[in-house]
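Below: one structure, written as structure tokens.
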Amino acid sequence: MTKNITLNLISGRTIQQGVAIESGKEKPSYRTACGIIEMDNADLKALGAWKNTNVRVTSDHGSVIVKAIEATQGPHPGVAFIPMGPWANSIVDPNTYSTGMPTFKGTPVKIEVTINEPILLGIELVQIQCGVKVG
Amino acid sequence: MSEYIIKNGSVFDPVQGIKGDKKDIAIKDGKIADKVSSAAKVIDASGKTVMAGAVEIHAHIAGPKVNLGRIYRPEDKLFSCTPTKGMERMGGGASIPTTFKTGYEYAKMGYTTAMEAAMPPMFAKHVHEEIRDTPIIDEGAFPVFGNNWFVLEYLKNHEIENTAAYIAWLLRVTKGYAVKVVNPGGTEAWAWGLNCLSVNDPVPYFDITPAEIVKGLIEANEYLGLPHSVHIHPNNLGNPGCYETTLDTLRLAEGMKAKNKFGRESVMHLTHTQFHSYKGTNWGDFESGAKEITDYVNQNKNITIDTGNVTLDETTTMTADGPFEHHLTGLNHLKWANCDVELETCAGVVPYIYSPNISVCAIQWAIGLEIPLMMKDPMRCYITTDHPNAGPFTRYPRVIKWLMSKKARDTQINAFKHKDKVLSQTSIGSLDKELSLYELAQMTRAGPAKTLGLGHMCGGLKPGMDADVAVYNFNPDKPVANPDDIETAFSRCAHVFKSGVEVVKHGEIVGTGHKRTLWVNVKVNDNPQVMRDINEKFIKYYSMTQANYEALGHHFVPNPYALEVDATHV
Amino acid sequence: MTKTITDVICPFCGTLCDDIEVVVSDDGKQLLEVYNACVIGSEKFLHSQAKDRVTKPRMRQDDGTWKDVSYDEAADYTAQMLAKAKKPLMYGWSSTNCEAQSVGNEIAEISRACCDNTAAVCHGTTLIAVQDIGLPTCTLGEVKNRADRIIFWGCNPAHAHPRHMSRYSIFPRGFFTGKGQMSRKMIVIDPRVTDTAKMADVHLQIEQGKDYELLNALRVAFKGEWLPDVVAGIPKEKIREAADMMKSGRFGIIFFGMGVTQSLSKNHNIDIAIAVTKDLNEYTKFSIMPMRGHYNVTGSGEVFAWQFGFPYSIDLTRGFARYNPGDTSSIDLLVRGEVDAMFTIGSDPGAHFPISAVKPIANMPSVCIDPHLTPTSGVSKLHVPVAFNGVETGGNCYRMDNVPIDCRKVVEPPAGMLTDEQFLVMVRDRLKKLKGAA
Amino acid sequence: METVTITMKNPPALYLEADNVTPDVFAGKTAAQIAELHVHEGNTTSTLGKYFEVSGNAGATVADTKIVVKGDVKKVKYLGMKMSAGEMVIEGSADQYVGAWMTGGKLLAKGNVEAFAATAMRGGELIVEGNAGNYLGAAYRGDWRGMSSGKILVKGNAGSDIGMYMTGGEIVVNGNVDVHVMTHAEGGKTVIKGNTKSKLGGQLVDGTIIVFGNIETMMPGYKPNGEVELEVDGVKALFSHYIGDMGERHKKKKGAIVYGNLYKKI
């Protein structure tokens, strides 16, 4: 059985995300900025993952491949961070509690190492999940 | 443009002294004319009342605090939104209607000009965007000056010329209409959580008093010769005993004379007088000070007032008197919004329910009616609800009913839970006066137009004036069977013309007219010091650049009408 | 020769910096350099110059390829889609100007659509809270001139509003704050040690999702009442210390962001933060301000409010305006299957909605009006590229503190490209004909 | 009492707004007249009869009218909205706003109801045999006048934000509830027989919350105040008593501060 770890996922802005969305969401730089998960060193260790390893992040709401990197704004053991974007939104809790606002912060996720699975580009990630043919 | 002739109506026009005579009113090229050709469309007004379009001198109908009211009160619109209908866009809102509804409602009641009473200069673009989206009625907006850092610094040293140059600059960049003063000094004090409750309370840091601010602004206003006088909401609004502060404020105008080419005679306009006419020391012994205030105003011809009538509705209070709104939320515990505006002003918003079952509210209602009934010169007293503070402007027909019918007032008094208290704390029960239609026309047309410096344009039916005309389904020759008929008649006009265009027919919107934004363009001598001060304040203290401050262009003021003032003579 | 344009407004975030300088070519067609902007703002200006930019409307084909169409054809498709739909959703509006928003509202009114802006996934819950309890706030210049207590709650301006701290909140020297940063105490509440938190005098590293409890504890601390030993992971002594620090200032402000609007309790987090602010006004002067994201999301709320009476999540289907997030809000409408056509402008729900709210978009008639290629354009049937607002066209916008600032046009758009407003006017006029309106 | 039965025969493609389905609107009408009443699907308006089979005539008065709603009405909103008297039975599950703004009468939903049921209820009785959604018995957005009177019984679970801005009346939930109970309330009582999560009684000015099961996280504004024996719904038990919200304003009665009360069964 693959080793996995359960963390509390939050998403949010980063300056790299801001630059990337303005330079083009079709570009690999968007993936570099947002197709990542920031994890605390202790959690990386517990998972047995090296820095910059591809991982699968799974919640009750979906699953996505991103690159695990060391927390840039830590320490925050128990908390994982994916910059806002389609990667995070593949797995966040859409429950709005009838307020209109999904629960973008505070989704329990399971993380497991998947070194060989590719991280998709932003637009194709959404297209594939929506069943739209990638042009 | 179409010609019209409104035939056989009972005409009430204080400008020409017409008191209900059967007269024909001719409309040509957007103006009232002596005569029109035989091609003119005939409007039969027999058995109807004809007046000039009404002029609203003080209402909060456009801008940031009004919209904050809309944003934060969805419940004000619950089950009250109306669909697109004919020419009308969707509308909604009871105490703070949407811009479209605001324009339609005013027009349907025969109003053709309205003044937004408090424009935060930094938000001028917002005010103008809303004015643009308020159909039909001509509108102007009063920028607030009473807590502005430039004004405080200049007037600390009594620099009238510099104050005047700054006023001229600000009116130009904000496309403003007049000098508005709200709780002078008190709103700046509120930026530190403090207030100025008397005209002599020092303003923190600025080393000036409200009295000095008000006097200095009147001097600067007359130095420039602006169309409107200084328009003031004094310190200490809404507190028992506040009438003394009001009298202190009114006395600041003593000996001052109006200087302008617009025919205005007053130097100070006291707004929503009802809120400033309270005697007593607390809410328990609260009583009317309407007699004291109107006695003073009756004797001093350089002062005009508006009423601020309480309409006994659930409404939304909003004012640049920030500390007052904070005080109010402490009393009724309803949601409190406040916005302090850098270097300039502040605004607060709190919902309020004027319940007929609460004695204070009922007394406020009585005071609002005592004031116009006690005023000897209707040309110096104008009907307002300080919309939406004392009630929504859509209640004007009801206020008119109360003013025109003692019977209607008595019916309301008898319906109060604390009727005895109303009768003991006010003199409303002993006032028999019933307003005539001529007096109504003075209080809602000729009077406010004159005080706004618009007497040459609107508020009357003299040939050459703008063809703003309202025809009411009200026959002055017949006795009023039921006072409610007055309210019905003034709620929905038979016809309304705005600048010669028919905008309302049988109570429905049939045209959107030729809406204008009124503003005052003052030429002053070059004043390098003031220009340098403005430049410095933007560099050091404003959060936006000077180049981005001005409300410029078609988007904000698509159809401007500037009243030109030349103050370079001095 | 090049030309320098000053006082340019940055169309990225709600900070709406208006001191940008842009160097353009003599013919006004090329944007060469950008000064004073943050790295994101610079990128926004410079990316408009990208050579690979899409300049023509395109229809997505079944095989995933795109076919260029004219603006006329695009407007026809859009108008017909809106005319046919029983309940179209018109979403976005936050990255366009108030002029375009106004035309959009006319379209929504004629087609009886649901209209919503990006507050839906940003500060919509703030608006709900403001509706419940009010909002004591101020303009950003007040903060610069007076504030000596700055609280950043669940926001990270170092990343999301990069020039906020230097222009308004932490560093500037104002009228009563001559010592700049030295005059101010900074408190940050965040579950991570963010780059903003690293600068703070006090950082409360709160347990995620427990903001409501911590804010409640602060209110209790103001009153000196009993507190449990630890609240939201913070010891009570530290809570009392923070409470005292807030009370002891002369002018304080709480800035808050999506850390609270999007976490459990949502509107209630803001509601009680506003209650905290209201409480503090019994001791000193305090304000609170949402860190609005898109540069004109605030403007969209303003225009909606004065035209329809509500700031977002408006349902016009019955011919009059209704509002109730949870029912009329975009995410709920999409996830619940309430709408049958999707019109997106000036935003990217494809990237910023949970995937379960994006999937329905791909399965209904859809139009995406956006200068960029985005996940939304990628799943929409029609993509209409337009000029960059704030770069290639001007127009009024509202800063996070509701201050209106008129954006500037600095360069010409590529030949033949329309602005949002121009395209919307085409759609509106067609729709009027289809619906037989005047 | 006369009974009108409406049975869904053509479910809507989107959602249906049926605010005319109330005893108030039906009263005095024949089945044929009722079938002509308006319903709305998106921006289209059509008749009740297009979607429902209508049988039986209404009573002469509202109080004499009973409505039975049959078939799949999971995508029908506003059933029983603003009803003031009479009776209504929804045989299955319904969408949002069931009994919203109701002022009287008896409304029974045998299945589940979605969010905003009994919004700003002023009287009458709502019984939900299944689960209720969020904002049960809560105020409309921006309004400080929530449920003021009447009774709500949910036999299953309820969602978040129940009883927000409640000022009176009673809500009983036999199952569990989600976050936020009686936020901002100034009166009224909520009884939860199952478990609760967190944020109970936040910003509560006055009112009573009684919990039989767990409270995952207690609000820090609730101060322990000993133990009391209470009788709730005929069950006598020992409860821990808390007063709060200590951070919120409270009214005074005879000089003493009146706090809200939270009881948790021991």
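The first chain written gets the first letter, and so on, giving A, B, C and D; residue counts start at 1 in each chain.
As a working rule, contacts are C-beta pairs under 8 Å (C-beta built on N, C-alpha and C of every residue); 3 or more make two chains touch, one makes a residue touch a chain.
Just so we're clear, the structure is a prediction, and the values are computed from it rather than from any experiment.
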Revision key, fill the gap. By C-beta contact count, A-C versus A-D, the higher one is A-C
Point to revise | Distance-to-centre winner among chains (Cα means, whole assembly as reference) | key: C
Review point. What whole-Å value do you get for the distance between subunit A and subunit D if each is reduced to the mean of its CA atoms?
Key: 39
Study note, to complete from the structure: subunit A and subunit C have mean C-alpha positions lying a whole-number Å distance apart equal to 22
Check your understanding: Roughly how far is subunit B from subunit D, going centre to centre by Cα mean, in whole Å?
Key -> 44
**Study point:** Separation of subunit B from subunit C, taking each centre as the mean of its C-alpha atoms, in whole Å
**Key:** 35
Practice item. Please list all residues of subunit A that touch 2 or more other chains. Key: 97-98
Check your understanding: Residue numbers in subunit D touching 2 or more other chains?
Key -> 115-116, 134-135, 140-142, 144, 179
Revision key, fill the gap. So subunit C residues touching two or more other chains come to 128, 131-132, 264, 316, 318-319, 323-327
Revision key, fill the gap. In contact, pair by pair, are chains A-C, A-D, B-C, B-D, C-D
Point to revise | Complex interface listing, subunit C residues touching subunit A | key: 12-13, 38-40, 43-44, 47, 50, 60-66, 120-121, 124-125, 128, 156, 158-160, 162, 191-195, 197, 205, 208-209, 258-259, 261-264, 266-267, 293, 313, 325-327, 329-332, 335, 348, 350-359, 361-363, 372-375, 378-379
**Study point:** subunit A residues touching subunit C - in the complex, by the definition given at the top
**Key:** 8, 10, 12-15, 17-19, 21-26, 61-62, 71, 73-76, 79, 81, 84-86, 89-90, 92-94, 96-106, 122-127, 129-135
Exercise for review: Give every residue of subunit D touching subunit A within the complex, in rising order.
Suggested key: 115-116, 133-135, 159-161, 178-179
**Study point:** List of subunit B residues in touch with subunit D within their complex
**Key:** 72-76, 78, 333-335
**Study point:** subunit B partner contacts - residues on subunit C that touch it in the complex
**Key:** 6-7, 9, 18-19, 98-99, 102, 109-110, 127, 130-142, 144-146, 167-168, 174-176, 250-251, 278, 281, 284-285, 287, 301-303, 305-311, 316, 318-324, 395-396, 398, 401-406, 438
